[in-house]
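As written, the chain order gives the labels A, B, C and D, with residue 1 at the start of each chain.
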Amino acid sequence: MNMPWDDIISEEDKRRYAAAGFGRQARLGTRPALLIIDVQYRTIGTTPAPFWESIKEFATSCGDVGWDAMGNIARLLEVFRENDWPVMYPYVAPKEQFDQGRLAEKNPALMKVASKGYEFPAEIAPQPGDVMLPKKHPSAFFGTPLTSYLIDKRVDTLVVTGCTTSGCVRGSVVDGFANNFSVLVPFDAVYDRSQTAHAVNLFDMASKYANVTDTSSAIDALKGVAGSRNV
Amino acid sequence: MNMPWDDIISEEDKRRYAAAGFGRQARLGTRPALLIIDVQYRTIGTTPAPFWESIKEFATSCGDVGWDAMGNIARLLEVFRENDWPVMYPYVAPKEQFDQGRLAEKNPALMKVASKGYEFPAEIAPQPGDVMLPKKHPSAFFGTPLTSYLIDKRVDTLVVTGCTTSGCVRGSVVDGFANNFSVLVPFDAVYDRSQTAHAVNLFDMASKYANVTDTSSAIDALKGVAGSRNV
Amino acid sequence: MNMPWDDIISEEDKRRYAAAGFGRQARLGTRPALLIIDVQYRTIGTTPAPFWESIKEFATSCGDVGWDAMGNIARLLEVFRENDWPVMYPYVAPKEQFDQGRLAEKNPALMKVASKGYEFPAEIAPQPGDVMLPKKHPSAFFGTPLTSYLIDKRVDTLVVTGCTTSGCVRGSVVDGFANNFSVLVPFDAVYDRSQTAHAVNLFDMASKYANVTDTSSAIDALKGVAGSRNV
Amino acid sequence: MNMPWDDIISEEDKRRYAAAGFGRQARLGTRPALLIIDVQYRTIGTTPAPFWESIKEFATSCGDVGWDAMGNIARLLEVFRENDWPVMYPYVAPKEQFDQGRLAEKNPALMKVASKGYEFPAEIAPQPGDVMLPKKHPSAFFGTPLTSYLIDKRVDTLVVTGCTTSGCVRGSVVDGFANNFSVLVPFDAVYDRSQTAHAVNLFDMASKYANVTDTSSAIDALKGVAGSRNV
């Protein structure tokens, strides 16, 4: 499989990581949950459009790479719905007057996104019973009760999707790994405004924290999970 | 100032991040702490040597980029000692029989590092009163009481050094930011086995989570902190 | 000062705790925050009434002991407003379909409180700028970004009020102490449905985690904090 | 079964808790872990002795109530060993020069316990493969990677033992509950220096967070767990 970082990470660097022992595949467990992170209009726009067009609507949009990824998230979502596996939506909570701090310093524009930007696209919309996790910080685990839901539902494996690859996805994957969940990242179901940041963060995650593959292979791997229904 | 990512992140990507509003400088506070992360022989070797030479001693070594960075950490350490500011050592705890989990799956070799590898080089050795934080996971905050020490010492600003840029440094910076500490990363006081991963992770951190500068500028900035003694 | 546990904890037990070294006073810091925990109609009813009357409206109500305590919380709130010190409202988030888990097993009735029960009484109502913290679990720190707000606002001291003394107050005080905040609990500004549980939990907190005093003394102590305005 | 709080919590208070809906039994899961908290010589002394005798050796000792409880912990330990279920030892880490903060203020004597006090009695001594968790704060979850070990080992149920009932046991039970683990507390396998604090904290836990029973019933319940071997 071609990997997004193939042309960015040099052969020398790949040899160095292999020599240090990184990059083995983790075993998937038997009880996966799907995390759909920050897939709200604010990160893709209300209609597919190229990056520079899309940011006229929401400065935080990644444009049509987000729409492409959302198509793959929808495929994963179908598998999870068929199997009645948990689906969880960590999402950017609308900013409130008391939300200042370092985030507002690094990017003041984040405080002024229009309310429509916080809504979920129909293609991946939550259903009753899904776990909704408003969050104030990058990682889906930070300052949220995500771990409690995962433990309650006996989850042992996380399939992490959404955006941005180099931001909230990356932070959530690192925390998921540290919590000892098996983590699977479908590289074409996560997205970012920089393809370089996207690719290198996927390389980091594949080396140290997660199994990284395309969505089709991820679905095949999930079908192999004990108890999954054929879809 | 030339930045490590200047030749890796395209002008297009830089414009995209600027358009989204990222990359502002955070205000430093008045009470900094120095985090020296994982600067143990296992990440640099017992003597300076090129990468492929150094990993013969410890497969986890980054080689002489680590020794170069350690020189800059020592300069920062001197400033912190002069001002009696807190110095904290989050470090890789020697692996024990019960430490398995996802880490051992992704990199089995990490479980077999010789005990000498866990020692601290004399150049940055801890002194009595420094806070020692053995850790089992990437972020210095995960599964450690780091936050409690920072709150006890009224710290508001973290200067994050050590390794690897794309691993434990990155994870700690994201958590430090999420906790609302101001974060300063001197780019020549952190190190990694891949210069691409090093550079792109620094770009990510500079864009979203931290002020990134060279050590000399970091020291100048610290001298401007209220109450610092001239050094 | 008479303490709520005077008639419940024996002299023998008090001597035992003193022999073990417990019960010293912690130093208050210079930057307090007021936590008003779960003071919603669901814990006091919409009008003052005795316990057995009040639970006809909300099974979770503590009745008029809650109204008494709310009067003292209002006095503390006035001091915090005068000094522009941070006021934070960790509160029970309305239950959603996905909120099951151990809580619903231990007390299924908690899942069915009418929506009016989640509103705040006018006497202690939040104002714009106050920090609102919906929570799913007992401690105000668990699964919320409370620590991030406290660090952002340079808080070093928590004044903890609300209910129940033996539940969410107790859990929040233990976590506040573990985080190394100085903790002050005004015993007549916290409330519970059992006076025995109330008293013994206050004894536990006074012995190990917090300074416990009446509201008038708490206000005097806060007036001694550097920079407070006379009120 | 007679409960430790029968003579301390009034019938009125019991009726109040029942009216509020508290006190249901939680379902146990299928994968239990045993937590043995702070059972070190510092909490029981090196030989069984009455309280006032025992504290001459260690001011923090609970005396012979601890030895009685340890006998019951040993019975539980045997069941866990027979079934190869995980056994974990959250324990008080020896104090270091940098460990100050609120704990040292509330009880300065805690900083000066002789090193023998940190050792484990032979009756419940750890074996290779058990999870060791040095901790600095009351709850076994706070500032430790306990959750990561529990997730790695697919644990869904905690059996919490050790001391003190009103301190580290209570804190750990509240956090275990908040994390959505089923929690079982054998009341004669936990101990405290105050029988009143012991009893009322057990009442709190039985009402809100855990199943509380005697050790014999706890062992019977564990034998009913799917897959347990007869012992």
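We adopt the following convention: a residue touches a chain if its C-beta (ideal position, glycine included) is under 8 Å from a C-beta of that chain, and two chains touch if they have at least 3 such contacts.
All figures in this text were calculated on a predicted structure; none of them were measured in a lab.
The chains that touch subunit B as well as subunit C are A, D.
Remark: among chain pairs A-D and A-C, A-C carries the greater number of C-beta contacts.
Subunit A and subunit B have Cα centroids lying 25 Å from one another.
Between the CA-based centres of subunit A and subunit C the separation comes to 37 Å, rounded to the whole angstrom.
Chain centres here are Cα averages; for subunit A and subunit D they lie 38 Å apart.
In subunit B, the residues touching two or more other chains are 101-102, 137, 142-143, 145, 147-149, 152, 178, 180-181. Of all residues in subunit D, those touching subunit B in their complex are 96-98, 100-102, 128-132, 136-137, 142-149, 152. Interface residues of subunit C, counted against subunit D in their complex, comprise 8-10, 13, 16-17, 19-27, 51-52, 55, 59-60, 101-103, 105-110, 137-139, 142-143, 166-167, 170-171, 174-175, 177-178, 180-183, 193-197, 200-201, 203-204, 207-209.
Subunit A makes touch with subunit D in their complex at residues 145, 147-152, 154, 156, 178-181.
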